[in-house]
């Protein structure tokens, strides 16, 4: 497989439980509370990923543009997004990602509000290609 | 995609491991132990979601009615449900959600019974549309 | 939906990461380290579930028989299985569940080896019905 | 089912969020921070699994070869891989696993950088067989 990496995954993914814990404990930036989307682009072509943030009580924010080169991983903290806006901390949201080539998305949160950090992770929801 | 959001997800979802930890530590309400369903309605139409709670030794409770507007996220603590009943703390349960339009559901628990909080999360089980 | 619950899920499920942490801290039995399978049988008919435990270096153990009544949830600690054997603590394993009616399975571990408990959870892997 | 175990799972799996926490607290090796792939080979035939590691800014590393006998579980710490290289700690990566027979893969991380350990787990992403 090392000569021709498969193009695998889906072009559309959803993370329903988005939240950036508003406080942190421990050394920055490693132990700073964060919410992340971890993306694999296993194919040869670069991926242009549009990320939209949905809120409880206002219009979606986006698209944020993420570039993931072919055969590369990209882990993106939602805290780190700056353009076209900043995702507020301590607010419920959901994420929709749309890529021009298939990718795989996993969602992970590190919450260090209390003395020891807590972690959670899940594969995101891949929207079937046929829909 | 900002002009015509896709209608994505499934209309029926299951969370098999439901449990509200019966104690909490840390400031309320953020660090109160809770069990949540996080819902994205990415489509334009509002969603009417019926939520049923299944128990070990008695008939299911529900439907609880959740309204999620189009293009909106809704994170619902099971602790916060009041009508047609209250889900007891410290009791095993499972959840079935049925929506009139496709949604995406993620399950998350924050457990602050001990000194530092613990987190867990998983995409819920999407029942295939063809069944 | 309250009159005719849908029969939803798969008849075969896999949990690849099984492990019972060998120590615990905090009050028993709630904070005892455990590994659990959480099952929903949303249909009307009772489910007879066979659970097999696969190990690193010896033959599988099972079947353990679990009965889940129709319209009921059942959360089973692997620690609590007794017949036809006991699953050792501190040993890697995987689980295969096979049911005579569709069910949904979620895997959760509580690890209280250190001062504060840690939690992890994931939907199990549903084997497609057509295979 | 004990006489003819089903061959279940997929031959290709992705873990998008790979990371080995660079510090640990608590007794080794159990509480050493680690990132693991947990594999079930429920079929009768042995599995030859190739594992590739994708990085943010350099070419993929691999294949690492894992042998999982038929009817056996194998939990592999990424920390423990040695040939053809070592996966650095504190660096973002993703994993692609390809097996010659169907397997099931779950991803789990134990993070003991702070006083109490944190856990996260998710089913990996199974690439559909038809693609």
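For reference, chains read A, B, C and D in written order, and residue numbers begin at 1 within each chain.
By our rule, a contact is a pair of C-beta atoms (placed from the backbone, for glycine too) under 8 Å apart; a residue touches a chain by one contact, two chains touch by 3 or more.
Predicted, not measured: the structure shown is a model, and the values here were computed from it.
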| item | value |
| --- | --- |
| Chain whose Cα centroid lies at the greatest distance from that of chain D | B |
| Same-residue or different-residue interface between chain A and chain B, half as cut-off | different |
| Where chain B and chain C are represented by their mean Cα positions, the distance between them in whole Å | 21 |
| Rounded Å distance between chain A and chain C, as computed from the means of their C-alpha atoms | 29 |
| Multi-partner residues of chain D (each touching 2 or more other chains) | 115-123 |
| Chain C contact footprint on chain D (complex, rising order) | 1-2, 5-6, 8-9, 26, 30-31, 36, 38-40, 42, 71-75, 104-106, 108, 110, 112, 115-123, 126 |
| Interfacial residue positions of chain C with respect to chain D in the complex | 12, 14-19, 50, 52, 54-57, 59-60, 62-63, 90, 92-94, 96, 98, 107, 109, 111, 113-125, 127, 131 |
